[in-house]
Amino acid sequence: MKKVVTLGEMMIRFMPKGNLRFEQATEYEAFYGGDESIVAVSLARFGLNSAYVTKLPQNPLGDIAVNKLREQGVDTRYIARGGERMGLNFYESGVSMRPSNVLYDRRHSSMAEAVPEDFDFDAIFSDADWFHVAGITPAISDNAAELTAAALKCAKKHNVTVSVDLNYRSKLWTPEKAQQIMRPLMQYVDVCIGNEEDAEKVLGFKPDNTDVNSGKLDIEGYRQTFLKLRDAFHFRYIASTLRESYSASDNGWSSLVFDGEHFYRSRKYDIRLVDRGGGGASFAAALIYALLNDFSLEKAGEFATAASALKQTILGDFNLSNLPEVYALMNGNVSGRVQR
Amino acid sequence: MKKVVTLGEMMIRFMPKGNLRFEQATEYEAFYGGDESIVAVSLARFGLNSAYVTKLPQNPLGDIAVNKLREQGVDTRYIARGGERMGLNFYESGVSMRPSNVLYDRRHSSMAEAVPEDFDFDAIFSDADWFHVAGITPAISDNAAELTAAALKCAKKHNVTVSVDLNYRSKLWTPEKAQQIMRPLMQYVDVCIGNEEDAEKVLGFKPDNTDVNSGKLDIEGYRQTFLKLRDAFHFRYIASTLRESYSASDNGWSSLVFDGEHFYRSRKYDIRLVDRGGGGASFAAALIYALLNDFSLEKAGEFATAASALKQTILGDFNLSNLPEVYALMNGNVSGRVQR
Amino acid sequence: MKKVVTLGEMMIRFMPKGNLRFEQATEYEAFYGGDESIVAVSLARFGLNSAYVTKLPQNPLGDIAVNKLREQGVDTRYIARGGERMGLNFYESGVSMRPSNVLYDRRHSSMAEAVPEDFDFDAIFSDADWFHVAGITPAISDNAAELTAAALKCAKKHNVTVSVDLNYRSKLWTPEKAQQIMRPLMQYVDVCIGNEEDAEKVLGFKPDNTDVNSGKLDIEGYRQTFLKLRDAFHFRYIASTLRESYSASDNGWSSLVFDGEHFYRSRKYDIRLVDRGGGGASFAAALIYALLNDFSLEKAGEFATAASALKQTILGDFNLSNLPEVYALMNGNVSGRVQR
Amino acid sequence: MKKVVTLGEMMIRFMPKGNLRFEQATEYEAFYGGDESIVAVSLARFGLNSAYVTKLPQNPLGDIAVNKLREQGVDTRYIARGGERMGLNFYESGVSMRPSNVLYDRRHSSMAEAVPEDFDFDAIFSDADWFHVAGITPAISDNAAELTAAALKCAKKHNVTVSVDLNYRSKLWTPEKAQQIMRPLMQYVDVCIGNEEDAEKVLGFKPDNTDVNSGKLDIEGYRQTFLKLRDAFHFRYIASTLRESYSASDNGWSSLVFDGEHFYRSRKYDIRLVDRGGGGASFAAALIYALLNDFSLEKAGEFATAASALKQTILGDFNLSNLPEVYALMNGNVSGRVQR
Amino acid sequence: MKKVVTLGEMMIRFMPKGNLRFEQATEYEAFYGGDESIVAVSLARFGLNSAYVTKLPQNPLGDIAVNKLREQGVDTRYIARGGERMGLNFYESGVSMRPSNVLYDRRHSSMAEAVPEDFDFDAIFSDADWFHVAGITPAISDNAAELTAAALKCAKKHNVTVSVDLNYRSKLWTPEKAQQIMRPLMQYVDVCIGNEEDAEKVLGFKPDNTDVNSGKLDIEGYRQTFLKLRDAFHFRYIASTLRESYSASDNGWSSLVFDGEHFYRSRKYDIRLVDRGGGGASFAAALIYALLNDFSLEKAGEFATAASALKQTILGDFNLSNLPEVYALMNGNVSGRVQR
Amino acid sequence: MKKVVTLGEMMIRFMPKGNLRFEQATEYEAFYGGDESIVAVSLARFGLNSAYVTKLPQNPLGDIAVNKLREQGVDTRYIARGGERMGLNFYESGVSMRPSNVLYDRRHSSMAEAVPEDFDFDAIFSDADWFHVAGITPAISDNAAELTAAALKCAKKHNVTVSVDLNYRSKLWTPEKAQQIMRPLMQYVDVCIGNEEDAEKVLGFKPDNTDVNSGKLDIEGYRQTFLKLRDAFHFRYIASTLRESYSASDNGWSSLVFDGEHFYRSRKYDIRLVDRGGGGASFAAALIYALLNDFSLEKAGEFATAASALKQTILGDFNLSNLPEVYALMNGNVSGRVQR
């Protein structure tokens, strides 16, 4: 069983019940998530040996985070405990033309203040096959950026395949800071996941003419960007999800994958969104699974797109879909009929 | 006031609250239903003398089932009490491309183990005008199949008009078993309701080219099937709902009715689904009402389609719409404007 | 800071939780609203000095009504207390082709039985810049009609700009009664808001060919009606929202504004409705804000349309959107993307 | 099967969820009740032929009221439909030293404005064995008082046994008005139910020294009052529940019954209150059942006390306990152990 | 780390939300439990290597059961999958004098139909220190009784310490059947847990004078019974919880432990019950922990009583308290003060 | 109208719904509170001019905090906006012997990092009659301690009466730190509120023999401590609430007030707790009201005790009781009877 390691921060997401605005909320639903933990959960559910590395406070909220991962079959043995607090975010879910709104409250979190000494990376990576981290993790603090670098170096030392989901977050850092931190890390990366905005903000590759707010996609622009990224950083694979935001309630969802030579654009799903959160991470997880299982480029693209589309019909951060469901969708069962 | 009798099993449907997946559910909504009880409730709401025949356990869950029917005006005097348990099902409601999922837990139910001696069919049918049963009922057990046969024979003996909704359930039986049980019963049937899949699986009439998963409809195929059914079983009426499953959230809904000579295809409704469960049974009920009231073929088709479309905007199994609402929709008020 | 005064009745709206039908409801959500209070809240949120005039019973429900307004920054000092009861309504929210249903239970309310002596209109209007009332208020009772007339006269005496939202309510009065009361009041009105149905029922201007149930709009008919209204009543501005009721779940929403010379039709929003209630009042409020701030006709139309479209994505009566959100939508951010 | 008729008003009780104060409530639970409907439901559950007479509005809320009764097996055929509105009340449930608070909103209700011509009392009483009405019904309006008198007279004409639960309501009328209406009606009454406060306020019998707020009971005072009532009005039975209000959360509950000669004081239950509403009416119902079944005075007192104590552990107005549960409690099973 | 193995059936308990009666329930809370799984969870939380053995259906409900155990740190590797259905029960929670009510619906469950071949007991017990089973497990079916016997024999073969919680269930079997099955199994048992009723019904030792419904305890009777059990079956330890059912809302809770020579009666807790379910199993778990850690008899009794008292203040089947909380309570912190 | 100023931090309290443990919670109720804001709300409800001073972040959560105060009539004009985050806490509500648990997450909050320059204290205090602060505020950070000192000095400069609620919080600071900060501030204080633990931890006055965990009270010890405090700090009034923690569900509640010469111990309430949070602050508020209105020592003690007892029957932080309710309870209406 292949072993995949992910590194990142878990957060509790507090969301007003029933699509209410913050100011209407008397009750909040609480979801545990965070990009790399979502990847870890997906991979455990797909049957891999999936280990998640983070630091969590020594309190009941931290205990719960561990248990939620354990419930899903994630290996939690490398999780460090201590520090000041859980990262939090407050999430107001949009509807129609009203956009969702996220308030981060994750500064000073245990993970934001973790140091490389909190983890035994050699032990973690010695028998690992894959390491994945999102660009959110180095963005949360200088400590976390240093930690990310240390992990990437150690992973490479152990010949672990490395994927990075660029995932630019404008509420956490600036493009300047992002590029200063992230560009040097690209030397360790085999598989790069990110859309055009990410490529521009995180790696400095300005697309020519795409308007990210228009909802229309410039596939040719993507191709050009992928080629430039390949040439600059020698990635083995580059992939991007293609989200078309018709509204906060309905999105188009497809992907573009590239093996350094061929491009494959997946089928597009028009999704009635239940929770768009975790869509990107679910794509990353499914792509890792596909590449670890030597799927063809086409099959990998369809598998990852189907898995992450399903996620967006499920409330909460984790992709609680299963392999047979992903295959069924990927093989064309899109009608949503009941099986009775 | 015309008297209609229906026979079948009531179940409690447990559905995770708020469209959650089973594994997310800490709370379940409980709905009482079952095909023929849905028919009985609709007919009582439309003003007929509607009697429901079943067997329910002698415990609080069985009591509640009776009271739910009584609340809706159904005549419950013929219901037998006893046996081991209520039939149950667990229902995960799909969204968008994620399909709904049903887990039946109805084996060993009171109705599955009922015997003809539990009921006085002569008393039940002596003053009845119509008898309706769905193909689900003989599917639940050999006992229930025998019971269904006994009821059909007795109904015919009393010159009661008989309708059957074929309603194939792949989780209850195989096509072979279905045909072995159902074909001999067709001699008692005046009005047959069922789609092409039902005709194939339950009666063995293979359609030529319809793909039930594609969501596209082959109306010509339906016509051919109806003609064959007429010739084989001498039904006076044949009808089918035509569901187009765009996704688990949105369906097209129309119907085709046939009086042995003329076909009528109803207007099509595009439904934002609240609960698609009970759509077919609500169609059957409204068709029975229409035929008992000598509606024209066209009016019958439109009435039954409108009634069953409304059902699918209502949570739960029963069609809690009223005659004036059905007429308003059937007469073209589809805009959903508020009346203030 | 400009001072705006509104006059009307507050009601509690009881709505079955979760889109249930009345007969399914064991729990009701309670919302405080009423057309002019919605206007008052919007204007307070936009930063104006917004005073609301009404009469509320001297009991906890009346206290809550005052507090809800105070929470939103509305000036409640002119509210009279006393009388028999709160106005109520019961609201069943429709879905798809199933329309919403409103049961008014507002007779004998404190406001329905209020008299001019309950209020010191000279004090209220002496420093006011604008007065707004909806056609619902004079419709609730003869007392309220008299009160409305007294307020309009006093407002004009103090040179306050006056807007009226015609807002015909067939469950409160007949066209004959409406015209008898409303036509004489038009002499005090500067800004008239109302759709074609309102113009016909409340002012007696029969449109030539619009079918309000068809969902299709006859913009040319609107233009003709506006010109006739201008000529008859010398309004400075006339405006109408243009609702296209595709279904109870999805509506089109745009507006037509007219400054006596030029017409401007706004962009149209296709709204996945959360709660259509308060759409019209939110439009009126935003139009008042726009005119008080000397927006161009085009900007006024777009601002008011965007603000009121946002309202319909928010549960409850009040428009809990903020100025920056309205500007963002008006400036084209319709994709509902999350800002992270 | 004995036939019992009750006459009164049904109301919807709106109660903030979760013991919240009115001003905290965003959601209300809705319960259908009203004293005599509670009696009717209890008697139907105990197996009697139980008919309820009232007038309900011709709208969905009125329909639901009928269905709730039908669900419980009550005969609803005599219910008149029409009039303006449902009676409502808003109920804030107290805890510990914080008392419950009731806001009546029942003026102008269909029942408050009903007239004798709405009902065919001769048909209603011709085959009845018992008629019951509470002192609340004549208190709601002059019309209702007149209606009550007409019903009582007609019941007596048909030799129906009559019980009255005095049930003084200070928010509906004054002692003067109550005595003026109620004293002349006592000639028709066989069984009188009421505590000392009722006897004083409704019939003018001042107790000597009981302090109703102290929670302590003066049983001797009750005895004296009962003797005086017997002598004045020739009641065959007099009964009173004895509530000791330790707090809004815990009450003592017992009763005193009197057959004109002997007194019997029941066992006392210390109740952890779930919902004290309907306690008195449940006592009345159970006493009627006991007397119709010729229970001994002692058995009648224990049965009625046990039944009404159980009610107070159940949320909502109706006493959803069953005969075997009442007998089990009455026979000493007070430990609340689970039967597994 | 000591390894403890438990064997039994997991059930889903469906409980109406908010203490409602079955007939009021529209929503049910779902809890996973079952005696031995409760023991397994407690021991995992206390830090032992805790393995649970059962058979669960191959469906989502079975998956969830596994995940719930995994979340708590239980070793689920020995769980067999297959069979027909989950065991269920419906639980109506009592209040005050109204008792709780349980409807079992566990016949034909996967575990009820499991056979010894479903499990590799030699592997399971080869490195185990303790084996625990409750008397419920052999009661659910003949298969389960055979399975229990096989497990006990195999455990003894591997010199594993064995505890049994007699736990008589009158809804599952009769005293005759219980004794026939259970008495022969006592030869394998080292630690016997059970109250006087269990001793009588399961092992045939009739107590002289205890009345289990009175709520009063006859400690001397318990002592006599323990001595007789020791002499008959050579148990090393005998223990019983002592529940005093003041009402369905409040219970007294203490215990009596016996090491074959000395008796120790624990402190008594007066518990405001949140959920009494799982009290006995939590006691058994804590006693096992105490004995495995060589606590003194007194400390063992206090530890087990405190742990199981805490359980009853927690909703659901599992004892979600932690070691420090148990020690704090056991050491006298009973005031429930907040630590701030 | 007397003006009272309070200074402190507002927090959001997240509490698992329905008394669940943290690890069971999928939904949290959110309450806004914080000691001095509770005082401010009580005083506004009692009719005083009540101004609250704090710093809140410039985000929706901060906006809501302002609105919640405005809803209650608190003057929010002095509230500074800015800084990093809202203070939060997570609160697990105890039951019976299971204690409540609080996790503070308030470091780095806007108020913790506020500086004196954020506020214009001269403007704030120039027309104030009273200033109140709790010992929690200086405990949250060095900045906040400095701010508290600056406010106290300025208040004294303007001859404002000053009260301090010592309120020791072991999770915020140590006794050493507390004494170092708080003792020098006592020179500005006229009215000191605090129990024996506070006097010891915050001011260094060790009681002789009280055991705060025993639940028993040593009134004589309190008297001795009050005398020593008077002599040391020249307080004009000293007061303490006397909480007897029978369990997490039931507490005794009374108080001891001292005017420098006479002691008065109030009546004791046995409270079935709904939410003990805010009890102390509600006492402080009511005592301030009493002293500002020149109540006698006895009346002041009874008023403050009744008001704060009522608070504990209400969910959330604020004391949503009203003056008439406080007077009713104080005057002996403790039976919780419904007024109908």
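All chains are identified by letter, namely A, B, C, D, E and F, in their written order; residue positions are counted from 1 within each chain.
Rule of thumb we're sticking to: a residue touches a chain if its C-beta (ideal position, glycine included) is under 8 Å from a C-beta of that chain, and two chains touch if they have at least 3 such contacts.
It should be emphasised that the depicted structure is a prediction, and the values quoted were computed from it without experimental measurement.
Common neighbours of chain B and chain F under the contact rule above are A, C, D, E.
Using the mean of the Cα atoms as each chain's centre, the chain most removed from chain D is A. Among the pairs A-F and B-D, the greater number of C-beta contacts is found at A-F. Taking the mean Cα position of each chain as its centre, F sits at the greatest distance from chain B. Chain E and chain F have Cα centroids separated by 45 Å. Residue numbers of chain B whose C-beta contacts span two or more other chains: 23, 26, 67, 101.
Taken in their complex, chain C has these residues touching chain F: 67-68, 70-73.
Those residues of chain E lying in contact with chain D across their complex are 18-21, 23-24, 94-102, 104, 169-171, 212-215, 245-250, 276. Residues 14, 17, 22-23, 25-30, 59-61, 63-64, 67, 84-86, 88, 90, 92, 101, 103, 105, 107-108 of chain E touch chain B in their complex.
Put simply, chain E touches chain F in their complex at residues 269, 271-274, 309-310, 312-316, 320-321, 325, 329, 332-340.
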